[in-house]
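We just call them A, B, C and D in the order they show up, numbering each chain from 1.
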């Protein structure tokens, strides 16, 4: 009975495709694949915008005494007679962080790939709530527009840092930014709403709509990571929304939640922000870990090493992720006893990350490594994430944090995790799932050049930041030349800036490859990487509704080089019901 | 049925609960966190500055809000009655109970608006006339928490009005109870939040 | 998809759960509300008032959740979903309160 | 290029630097292990004629090993850090009879209230100096940090001191200097458009010189 219904649904959806107008099919579509692609284009745009802001910052840091070339095209409120103004620099710092976190990396990880992969890898026709899914994209669009528009209002864009520490963020009289800050807060509430709609969909779909045979421990690690990420988003984003609304009230209607003059608590903002913010860090890295696990397994032609350990590590990170937020606040004036508690929980959250790193190495060990571009970026992820994870141990140790807190050491750490981690994995994911999304391959040669240039310039930009951080260069300073202890770092700063320009340029190489391949790339087969998960067992790109017939799953997700299969080195999840195969690790 | 020999073709069991209901519960989890942000801030701020809060009854009117609490509780019972009626396929019951729930929700909102007006115009607090969101932490937390609760009630009333309209078109019945149950979950959650708010904002 | 069909595809809801006595719960809630208002004005130490009020509020909330929201009759897996955010809430509020200890 | 911690001139800094280098060598070992392992695997197991992958789902023994070893390392590190941290930041462990100052941050300057010759804050001979922090050498001092408008952060790199100053709070910190000389206070928390230039000087005197300096300031301000 259920079978008949499911198949009937599939055919009904397939037929429906031909009856939709252009608007319903490509703009206000409820098809998870179209929504994912909408998210992809939007987030790539914001990635470019966020990067551009970083280039301006880097110029200012390297050459604070020189006018910026082409500065004349900016309004006087941003760049006066060729020089970036300090208040505009603060906006650059703030908006670079905000855009990268909220409009580029986070929606690219979950908006694009949770949307695209959850129904396909689980073997279902679409999300649980397709219309809600559409809203989750269309709620983010006004947030993006507000964010961009805020640069051009009186007072400029928000300038209190992406962490928006009150009272600086709450009192326009102290920054000169009123409307820009309020637009930022409205945008963040909208992004929260978008993220909650998305998470709600992802969680419900994973819980209730898996294909027959797709048991919990047969889910690909990507799905596990995205599922746990959705839970983190669901529980963390509303707290930011609540805090953001209170901050907005402080800004606009004269309340004083975070203003001590009215009895408020500045530290309350920090607690609420980081209660969201630390789970957010894992929202930004868990999906990347999932992509990496899967792509490493495909590229090594080996099952993921320690599948179950990987799953438990993800779950462990999610639990611990809610009790470590105070490590962002060691020097904030927080009760020092809390500092002790948070040191311990923070060091323990490093354990699951260590487990994952060793398991990735275990996956490559005795494999048969194929170095296609996605694999290169996945290996790059492991290498760079390891550095980011290790530099985190310095901050977790409270006494050391006294010195390196709010220095460039922190900036180095966060970029090793967010760029070297999340973005490397995203590049891997884009190259890997591009053929499924667009039915064409991206150019391998350009992809490899993109990988090597990114790898080299990324390290040239961000590794020296550990050094200037050790010297003591504070974060978010407009001009470091006035400080005696920062006299020796000018050359390093220039090196980093030149490398940053080169790194940004490699982005254009990628963009060219991306857009060129959409139209001119080599036609992709259904399964160009010889991968096992369900999305590769349907045409590229999949039709509306994904499957004419719902697949039945018989195997764990990453069965490569199975000894029982002789004609090829992979075993799709939905073939050979006769072969026994373990669900996960032993 | 090519694969009849294998473990059948039904999707994985999931929660053994239909998808819309799972979705609503998941959504309510995020709502819990949203109110936790607001209520948690109130608790923390009040704990840290105990002296800027009035004794119960001094500023906020207990009587009228107790009546309002009663109204919301009644609307919860009419909501479950509507669901029971749907399960029993009692069309008249569905219509009447949904209509009653909608009206009780609207009445709650009306009373809240009246309460706000009275507070802003006539209440006395710390020597000044009128109790507004600008009246220190007390006013700020009060209006934020009850205001967002009221906003949730408003959304609920809109959805209930829509469900009632469909009830008059004979949409709900024994084979179509999910919508009422899911809407009911939201409505009871809003009631539940009010139970907490009434206690910690008005009575403590 | 017809609604009847969706039922079958979703594995059914098991309509068999008993109908609780909704009016009785309503009466409980009403009595507890009156008791709360009464306790708030008793001439006993503040901490006793606060404790008893919180107990009654949680009691009422539980009544609504268990009976009106049917948690009492749901499978354990759904109850886990419903309870998932509560530890996070508790941690958030308790830890931030540590600032004043 | 000079990528090193600046010279340290405080007793707290000795332990902090020690811990920094302990973590540095620990992480360096892990770095070599991971990056070296990746490089080795990339070369050894690359796809080539006749090479096939080994079919395995993992090893519980290895999982336990690489869970337990990091956990132990982190537990030890955490316990050690906790002790050092409590000595530095917990007011219960502050040295007694330390000389107390009041430092108030505001956009974009540091106002330092000196205790005066009676070594007591809140008495008539207190005086305020803007952006100049003078302290005696080899003697613990307590700085009570406050902020007028927004959050600032009191950072003296060479003394390994950093603490946010939060409006509405008074946060005490203690430190000392083991040498005389001139250093800088920087603001480490974004506090507005002048954040980058919110600097103040630190002068560490011999004890007698500090008293003389206080006396001269007190007379100067009295006039």
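The criterion applied here is as follows: a residue touches a chain if its C-beta (ideal position, glycine included) is under 8 Å from a C-beta of that chain, and two chains touch if they have at least 3 such contacts.
Source: prediction; values computed, not measured.
Per-pair counts of C-beta contacts peak for the chains A-D. Chain B and chain C, compared by their mean Cα positions, are separated by 13 Å.
Inter-chain spacing, taken between the CA centroids of chain C and chain D, is 47 Å.
Note on chain placement: the centre of chain A and the centre of chain D lie 31 Å apart, centres being C-alpha means.
If each chain is reduced to the centroid of its CA atoms, chain A and chain B end up 34 Å from each other.
Touching of two or more other chains is recorded for residues 10-11, 14-15, 17, 19, 22, 26, 29-30, 33, 36, 40, 44, 48 of chain B. Touching two or more other chains at once are residues 9-11, 81, 84-85, 88, 92, 96, 99 of chain C. In chain A, the residues that touch at least two other chains are 2, 6, 207-208, 235, 239, 264-265, 267-268, 271-272, 337. Contacting chain pairs in the structure are A-B, A-C, A-D, B-C.
Residues 1-6, 13, 15-16, 19-20, 23-24, 26-27, 30-31, 34-35, 37-38, 41-42, 45-47, 51-60, 62-63, 66-67, 70-71, 74-75, 77-78, 81-82, 84-86, 88-91, 107, 145, 149-151, 153, 155, 157-158, 160-169, 171, 184, 186-197, 199 of chain D are the ones touching chain A in the complex.
Residues 2-3, 6, 124, 128-129, 196, 199-201, 203-204, 207-215, 234-243, 245-246, 249, 253-257, 262-265, 268, 271-272, 550, 552, 554, 577 of chain A touch chain B in their complex. Chain contact summary for the complex, chain A toward chain C: residues 1-2, 5-6, 8-9, 12, 207-208, 231, 235, 239, 265, 267-268, 271-272, 275, 322-323, 326, 334-335, 337-338. For chain B in complex with chain A, the residues that touch the partner chain are 1, 3, 6-12, 14-15, 17, 19, 22-23, 26-27, 29-31, 33-38, 40-41, 44-45, 48-49, 52, 133-134, 136-137, 139-141, 144, 148. Those residues of chain A that touch chain D in the shared complex are 85-87, 90, 93, 159-161, 165, 167-168, 171, 174-176, 260-261, 264-267, 300-307, 309, 331-333, 336-337, 339-340, 343-344, 347-348, 350-351, 354-355, 357-359, 361-362, 364-371, 379, 382-383, 386-387, 390-391, 393-394, 396-400, 402-403, 405-407, 464, 466-468, 470-472, 474-480, 482-485, 488-489, 491-492, 560-563, 569, 582, 584-586.
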